[in-house]
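Presented sequentially are two complexes of chain A, the first with chain B as partner and the second with chain C.
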Partner chain A sequence: MPTLREVQAAFARGIAFADEDEALGMIEADGIGAAGRLSVYRNTYRSTLVAALRQVYPAVERLVGAEFFEGAALPYVAGEPPGSAYLNEYGGGFAGFLAEFAPAAALPYLADVARLEWAASQAANAPDAPALDPVALARLDAAEQAEASLRPHPSVRLIALAYPAERIWRAVRERDDAALAALDPRPDPHWLLVQRRDDGLGMRTLARAEGDFTAQLFLGVRLGEALERFPGAEFPALLAEHLACGRFAAPEESSR
Partner chain B sequence: MNRVLVATALSSAIGLAVSMQALADNPPQVVKDNMARAMAQHLEKCYGINAVAKNDCAEGVHSCAGQATTARDPKSFVLLPAGDCEKIQGGMMKSS
Partner chain C sequence: MSSAPLPSGPGSGPIPARAGIGLRFAHHRAVLDGRPGAAWFEVHAENYMGGGEAIRILDSVRRDYPVSLHGIGLSLGSAEGINALHLLRVKALAERVQPGLISEHLSWSASGGTYLADLLPLPMTEEALDIVCRNIDIAQSALGQRILIENPSSYLRFRHSILPEWEFLAAVAARTGCGILCDVNNIFVSASNHGWDALAYLDALPAGAIGEFHLAGHTARELEDGRVLRIDDHGSAVAEPVWELYEAALARFGARPTLIEWDNRIPEFAVLMGEAARAQTLLDRAEGARHADAA
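Up next is the complex of A and B:
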């Protein structure tokens, strides 16, 4: 007699990995065969995860059509079971999967659109947290300012893109066929900063060096050191914009 | 950049950030642009996750009855995406 834990593990393997021999031996056929019973759960599992992907990646779906999307989503689901019951966290690897997905090879920008949608979903679902008030930094002396090491606000995502994914995404979302037709989908390496704001989702395109600089700030490189590495006049201005737009998190011990 | 210049650039950046924030009612153009972008791009989250994860056969892509018979066949799909991408691909052919 298997323990409940063994039954559950066999059931999970039968559903998530279609490794069903053990589970089938534990299922009583009654009207519907054991395999048919298990497949009801497996189909629900798969279609639930495909539906979760559809919600995170609507522009990808619209770009390729519902059938192609499902044809890509099902093998992804088969290879990547969710790590959490919170399905807003499911699907982070889909962009990487699409990049390697041979049938989508004709659409080199597809993975970048998926990266953008994942960043947007993560930013939208991020926990609330106070932003760093630039006034707190202004109170420090110059040496302390140079030594300050900041963290990105949880609702901010910075992604490196090879294609003009934001323009594609926007045209697809707005069903703007003229904009789509006019799009030049050639590679255009840049960074995109995605931020949830009180009034919606903000996107800020950053040139490569600007994105590199921002990525260093987000990794906690000290402000003085980051500005030494990036000597151009645009970088202090960009830092000011990030600070003014609340793109850094307030320190944990902050009383704000 | 030497350390003095860095310190100067840094403190003016922080000062600029403070004044940009203070000018919230009449922000500089760069902030206005960002706000306009943000306004233009509301993200809609259509359904809560409870609806997605609802363990209801009919809730998924197919009905149970329909799917049970094909569960072991990988769903076939068209090899060429059919959708808006074709419109972009047109642009791609022009540029290459």
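Up next is the complex of A and C:
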């Protein structure tokens, strides 16, 4: 008699990894064959995860159509099964998968649209947390400010893009075919900052140096050091904008 | 084993023995704007584990209605134990929402770190019974309250099962002190798929442990050889024979909180209110019969 652990390992292989022989041997056939019975669960597994990806990547789906989307989602699901029932966290590797997915090679910007949608989804579902109060930072003296190391607010995502993904995304969302046809999807490397705000999602395009500077701040590089590395006048102004827009998290209670 | 009764959710209004509705995102707006006369709502815990708009909406619903948290991801039947991170997320949500009830399933969904996105059946063995009871003990102790466990719909049975599902479920309730969420549609679907007697299933459940009923729609899928496999897809109105089984359950157990669930091909909110009204009529009739018996 198999142990429960053996049963569950065999079923996981049969449902998620299409290796079903061992699981089939454990099932009472009883009129309907064991394979037919197991396939009910495998179908639910696949359709639930494809639906979860559709939820996160609606613009990708509209760009390629439902059938093509499913044709990409199924091999992605087969290669990257979810680790937990919190499916808002599932599908982060889909952009990378699309970048390598040969049938999508004619749409080089597709992976960037997926990157944007993942960032938007992560920002929308991020935990609530207080933002850093700019006044608290302003109260520090100059030396303390230079030493300060900040953390991004959980609802902020910074992504590096090669294509004008935001314009494509907006045109797709608004079903603006004219705008979509007029787009110039040539490479245009830049950064995009995505932030959940009370009135919805905010997006802020950053030029390369601005994005590099912001990435340094988000990695916790001390303010003095970051401003030394980026000496232009636009960088203190950008820091002020990030602070005013609540893009940094308040320090944890315990470290106050 | 913890056999002492656990307190229900601290500070929460209890879920009334009336007809409630499973709240889905498609109806957030209708509920916020219309404040319909639903008796209570039940939500899937996994849909509210992040920040932002969804949880704010749930906070708002909670201010006006009793709310029950229904988990689908704890995988209480997993031999490798419960995912601790997931349990902590349920706990954090319960602390925020202060639900009148918390429920989960007699099933498993994860193995070797892979989430299988369905409520899978357990082999009905003594070993599985021990494991489920241990996991429920852990969950109830972490959540600080009694939970309800729902009987699943199933499409297969294991060759090495030795206990009937109803005995297994009754033993889980007896050993852990948990309640039973009696999903009437699931009993109907599983009984049809496995040739069980649905009324005998009801008869075998301990009345005192029944804390809630679920009602939902299912589909009958005809296979190539003409046999029918019923699939619990929550994509239609409650079927007539399920209403009949619900009446039989009310006659046996009395009125309990009763939920209308509809998760696929979701209709207008008014359709759910109509289904809830039908359940409420049967609940009222069951209460009336009880009072007549007592008089």
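Just so it is clear, the second predicted complex is superposed on the first by the 253 of 256 C-alpha atoms of A that agree within 3 Å, B and C clash if a C-alpha of one lies under 4 Å from a C-alpha of the other, contacts with A are read in each partner's own complex, and residues count from 1 in each chain.
Please note the rule applied: a contact is a pair of C-beta atoms (placed from the backbone, for glycine too) under 8 Å apart; a residue touches a chain by one contact, two chains touch by 3 or more.
Predicted, not measured: the structure shown is a model, and the values here were computed from it.
In the overlay, answer first, second, both or neither for which of chain B and chain C A:Arg204 touches.
first
Identify the partner contact of A:Asn88: answer first if only chain B is touched, second if only chain C is, both if each is, neither if none is.
So A:Asn88 meets both chain B and chain C here.
Touching A:Gly36 in the superposition: chain B (first), chain C (second), both, neither?
A:Gly36 sits against chain B and chain C alike.
For A:Tyr109 in the superposed arrangement: first (chain B), second (chain C), both or neither?
first
A:Ala181 contacts which: chain B (first), chain C (second), both, neither?
It touches chain B, and chain C stays clear.
Between chain B and chain C, whom does A:Gly220 touch in the aligned arrangement: first, second, both, or neither?
neither
Which of the two partners, first being chain B and second being chain C, lies in contact with A:Pro130: first, second, both, or neither?
neither
Touching A:Pro189, do we find chain B (first), chain C (second), both, or neither?
Neither partner.
In the superposed arrangement, does chain B or chain C reach more residues of chain A?
The larger set of chain A residues in touch belongs to B.
Examine A:Thr44 and indicate which partner it touches, taking first as chain B and second as chain C; both and neither are also allowed.
After superposing on A, A:Thr44 lies in contact with both chain B and chain C.
Would you tell me the residues on chain A in contact with chain B in one complex that are also in contact with chain C in the other?
36, 40, 44, 48, 85-88, 124-125, 196
Could you pull out which chain B residues touch chain A in their complex?
Interface residues on the chain B side: 1, 3, 6-7, 9-18, 20-21, 30-31, 34-35, 37-39, 41-43, 45-47, 49, 52-53, 55-57, 59-62, 64, 67-68, 71-72, 74-85, 87-92, 95.
Applying the document's contact rule, which stretches of chain C touch chain A when the two form their complex?
46, 49-55, 72-75, 77-80, 83, 85-86, 89, 108-118, 120, 122-123, 125, 127-128, 131, 155-161, 194, 223, 227, 229, 231
Could you list, by residue number, the parts of chain A that touch chain C in their complex?
It comes out as residues 1-5, 7-9, 11-12, 15-16, 26-28, 30-32, 34, 36-38, 40-41, 44-45, 48-49, 81-88, 124-129, 154-155, 196.
Inside the complex, what are the residues of chain A that reach chain B?
Per the touch definition, chain A meets chain B at residues 18, 36, 39-40, 42-44, 46-48, 50-52, 55, 62-65, 67-68, 70-72, 74-75, 85-88, 103-104, 106-107, 109-110, 120-121, 124-125, 133-135, 137-138, 142-143, 145-146, 168, 170, 172, 177, 180-186, 195-197, 199-204, 223-224, 227-228, 231, 235-237, 239-245.
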